[in-house]
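Chain lettering (A, B, C, D, E and F) follows the sequence in which the chains are written, and residue indices restart at 1 in each chain.
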Amino acid sequence: MDTTATTTNTATAADVPTTRQERLDHGLEVLGRIDSEAGANALAALSDISPELAHQVAAWGFGEIYDRPGLAPRDRQLVTLGMLTALGGCEPQLRVHVNASLNVGLSPQEIVEALLQSAVYCGFPRALNATFAAKQVFAERGLLPVTPDA
Amino acid sequence: MDTTATTTNTATAADVPTTRQERLDHGLEVLGRIDSEAGANALAALSDISPELAHQVAAWGFGEIYDRPGLAPRDRQLVTLGMLTALGGCEPQLRVHVNASLNVGLSPQEIVEALLQSAVYCGFPRALNATFAAKQVFAERGLLPVTPDA
Amino acid sequence: MDTTATTTNTATAADVPTTRQERLDHGLEVLGRIDSEAGANALAALSDISPELAHQVAAWGFGEIYDRPGLAPRDRQLVTLGMLTALGGCEPQLRVHVNASLNVGLSPQEIVEALLQSAVYCGFPRALNATFAAKQVFAERGLLPVTPDA
Amino acid sequence: MDTTATTTNTATAADVPTTRQERLDHGLEVLGRIDSEAGANALAALSDISPELAHQVAAWGFGEIYDRPGLAPRDRQLVTLGMLTALGGCEPQLRVHVNASLNVGLSPQEIVEALLQSAVYCGFPRALNATFAAKQVFAERGLLPVTPDA
Amino acid sequence: MDTTATTTNTATAADVPTTRQERLDHGLEVLGRIDSEAGANALAALSDISPELAHQVAAWGFGEIYDRPGLAPRDRQLVTLGMLTALGGCEPQLRVHVNASLNVGLSPQEIVEALLQSAVYCGFPRALNATFAAKQVFAERGLLPVTPDA
Amino acid sequence: MDTTATTTNTATAADVPTTRQERLDHGLEVLGRIDSEAGANALAALSDISPELAHQVAAWGFGEIYDRPGLAPRDRQLVTLGMLTALGGCEPQLRVHVNASLNVGLSPQEIVEALLQSAVYCGFPRALNATFAAKQVFAERGLLPVTPDA
C-alpha cells in the first residue's frame, strides 16, 4: 500500500478493495496525524484484552469516519469536545481529544470557551469536570495560565 | 441603551452597570441574529409558567455566554450540536440549533457530517435520533436531499 | 390486614411477617394518598405485559421506599423532580410526579422554581423539557398562569 | 462475491480484500437475518439526508460487529436491550431490537424479565419506558398478554 | 454596594443597574453563606484556566438563580442532590452539595434518605455512588455513623 | 426458614408471609451464590451510613428481582453489563458484575465481545471505560491475555 492510497479516504475513494490490515494501517496513520501518544497508549492498553476494540477505534473511528473530507479536523474536535463533555465520565477520552484539539489548530482559548459554552447546555458540573480535564492537558503542555485572546 | 451598547458583549466590555432589562434586550438581540423564530416560540411558550427561565435562556445563555467573542458562532453551534446529540431526548432543542447552525453558516453537509461523527462517540441510536431531527428542519427549509459536497 | 397495619411502614415496624399481597396493598395505599389517577393508569397499562413491574413500582417503590418516615413526602417529591429532570426522556414520569408534588403540598411556584434550578446543574434543554412537562399538568389542573408568590 | 464469502465474518476471515459495496452487502445480509423490516425502514429514511450513516449502521454495526462469532445473536440482543434501556430516549431503536430479539429466539417472557431487571440498575422510569416500547411491538405481533412461563 | 443591596436578590429587586463585579460579589456572598470552603476551592482552581466559568458559577449560579426567593435553600439542595445523583460522574459536585446541604439545615439522616430514594428512580449504581460520596463528607465532619432519627 | 424456603423465589412461591430479616437472608444467599466478595464489601461499606440501602440491594435487588426464574443468571449478567456500560460512571459496579459474570458462566471472551458490542450503541468512550474496568478484574483473576475462542 503506497502513501497515496494510505491518505486517500476509503469512504470517497473509488471502491477499491481493501484488507482489514490496510484499513487499520490507514486509521493508525490518521490517528498519528492528530495525536501520536495518548491515543496510541490507550490502544496499546487494549492489546491483551480486546485487540478488536483497538482495531475498530483506529480502523473505523479514525480511518473511516474521522478522516472523511466533509468536516475539517478542527471542526470534528469541536463537536467531539461537546459530546464528551455532555456524556460525562469520559475524562480519559476528553484528555485525548483536548490534546488532539490543540494538535489540529484549536487554541487553548477556544477550547476553554467551548467548554464554557457547555455550561448552558449540560449544566455546570459537566462544564467543570471537562474544564479540569483540559487543565491537566494544558499543564502537561505548559499552556497555563490561559489568557483571553488579545 | 444605544445600539452600540446592545451589540457590545457585556463579558468583555468595560464593567458598565446594566439593568436586567438591558441584559434581556441584549440576549434577545443575539438570539434574533441567530434564529428569529424557533427560539422565540420556545421562549413565548414559557411566558405563563416560567418567564424567569425564558429570561435566563435569553439574557444569560445567549446574551452573556453565546455572545462572548472567544469562539465564532459557527463553532459554538458545532459544539452545541455535539452536546445535544450526546444528551439525548433533546430533539426540540436540536431542531432549534440545526436551524441556527444553518443561519450562521454551517452547510447541511457539515451538519450531517457532524452528526455522523457522533456515532463514534455516542453510538448509533443518538446519531440516528439527531439525524432525523435535522431531517425535519432540512425538509421544512427545502434542503433535502443533502448531497455530498462537490 | 387492618388499616393500622396498612399504614405502618414496613421498614420501621417490628419485623412482622407480610405477604406479597399485603406489601402490594400497602404500596397501592401509599400511592393512592399521593396520586390517585396518573400513577394508577401507568400501572394498569402494565397488566398485560409486566404485572411484576407494576407490582414492584407499587409494593417496593411506594410501599417500601417512598413511605419511609425519614423524609417528608414533599421533600421526596423535590428530590424526585430533580432526578427525573436530570435523567431526561422521562416526561411521562415527570407528569406523574408534578401531579404528586401538587398533591403533597408543593405550590406551582415552588415546582417552577425547582425546575429553574435545574438549569444550573443539567443545562437549559433539560430544564425546558421539564418545565413544558409541568406546564401540561398545570394546564390540566387550571393552574396557569403561574404567578410569582406575593 | 459468492454466498459463502457473504456469510463469512470479515473479522475472522482470512484478510481478503473487500470493497465498500461488499461490506455493505454483507451487513445488509446480516441485518436481514435478524430483522427484515423495521431496521430496513430506518435505513431507507436516511437515504436523502445521511446515506453514509445508513451505510455504517449496516456495514459496520451489523456486518462487522454484530456478526462476529464470539457471542450468540440472542446474547447480543440481551446486551443491547440493556444498553438501549439505560441510555433512555431510544424508544425507536428499542422497538427495532425488541423485534430482533424475538426473531433470534428470545421469548416475550425473557424480554419482559430483562426489562424488569433494568429497574434495579437504571431505575423505574427507564424500565417503564422500555417496557411500554416492548408492549407496542408485542401488540403489533399479537403477543399480548405476556404470561409467565409455564 | 452596601450590605442590604448585596443580600437583595437581583432577580426580584427593582431593576437597578449592576456591574459584573457587583453581581460577582453578590454571588460570592451567597456562596459564602452556604459553603465557605469546598466551593471556593473549586472556583480558585479555575483561576488559571477559565476564570469566566468561575465567575458564572458564582455570579449566575449562586447570585442569580440559587438566591431567588421562591424556594428555600434547604429545598434547593434537595433538588440538587437529586440532579447530581441522577447525572452520574458528578461526585466532586455532590460532595460540595452534601456539605452545603448540611450547612443549610438538612440532617445526615435526611440526606441519606434522599439518596436512598434515588435508587427507585436512577437505580442502585447511582444511589451507591452518591451515598459513598456523602460518606466521605460525613467522615470529614465526624458525622458517622448515621443513625436513624430517634 | 429452612433451606428450601431460602432458595425458593419469593416472587413465585405461594404467597407465604416473610419477615424483613428473611427477605434479607434470602437476598444475601442469592448474592453469595453469584459473588462472594466484591458485592459483600460494598454492602459492608454502607453499614455506617445507609444500612437500609445495603438491605435493599440485597433483599430487593438480588433476593426479589435477580432471583426470579424467568431469565437465567448468565442472561441477567449480560443485560446488566449492557446497562452499566451505557450508564457510564459505574466502574465499581461493573467490576462487581464482571466478577459475577465470570462466576455464573460467561467466558472472558464473551464479556469482551459484549463490551465491544456496546461501541455500536453507546460509542467508543463507554466501550473503552467498560473494557478497562473488565481488564482490572481479569488481571486480578489471572485471566489475561484474553484470547479469541479456539
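Note that in this section a residue touches a chain if its C-beta (ideal position, glycine included) is under 8 Å from a C-beta of that chain, and two chains touch if they have at least 3 such contacts.
The structure presented is a predicted model; accordingly, all values stated were derived computationally and were not measured.
Q: If we look at subunit D and subunit F, which chains touch each of them?
A: Chains that touch both subunit D and subunit F, as defined above, are A, B, C, E.
Q: Going by the touch criterion at the top, tell me which pair is linked by more C-beta contacts: A-E or A-B.
A: Taking the two pairs in turn, the one with more contacts turns out to be A-B.
Q: Compute the centre of every chain as the mean of its C-alpha atoms, then state which one is farthest from the centre of subunit C.
A: A
Q: Measuring between mean CA coordinates, which chain is farthest from subunit D?
A: Using the mean of the C-alpha atoms as each chain's centre, the farthest one from subunit D is E.
Q: At the interface of subunit C with subunit F, does the proportion of residue numbers present on both copies reach over half, so same, or stay under half, so different?
A: same
Q: Can you compute the centre-to-centre distance for subunit C and subunit E, using the mean CA position of each chain? Integer Å is fine.
A: About 24 Å, centre to centre.
Q: Report the inter-centroid distance (CA atoms only) between subunit B and subunit C in whole Å.
A: Distance between chain centres: 33 Å.
Q: Can you give the whole-Å distance between the Cα centres of subunit B and subunit E?
A: 28
Q: On subunit B, where are the residues touching two or more other chains?
A: As it turns out, subunit B has residues touching two or more other chains at 52, 56, 60-61, 65, 68, 83-84, 87-89, 93, 112, 116, 118-126.
Q: Viewed as a graph of touching chains, is the assembly arranged as a line, ring, star, complete set, or other?
A: complete
Q: Under the stated contact criterion, what part of subunit C meets subunit F in this complex?
A: Per the stated touch rule, the residues are 10-11, 15-22, 52, 56, 60, 64-65, 68.
Q: Would you pull the subunit D residues touching subunit F in the complex into a rising list?
A: For subunit D paired with subunit F, touching residues are 12, 60-61, 65-66, 68-71, 75-76, 78-87, 93, 109-110, 112-114, 116-122, 148-149.
Q: Which stretch or stretches of subunit D touch subunit E in the complex?
A: 118-126
Q: Could you list, by residue number, the parts of subunit F that touch subunit A in their complex?
A: Checking each residue of subunit F against subunit A gives 88-89, 112, 115-116, 119, 123-129, 131-132, 134-135, 138, 144-146.
Q: List the residues on subunit F that touch subunit E in their complex, please.
A: 42, 45-50, 52-53, 56-57, 61, 83-84, 87-90, 92-93
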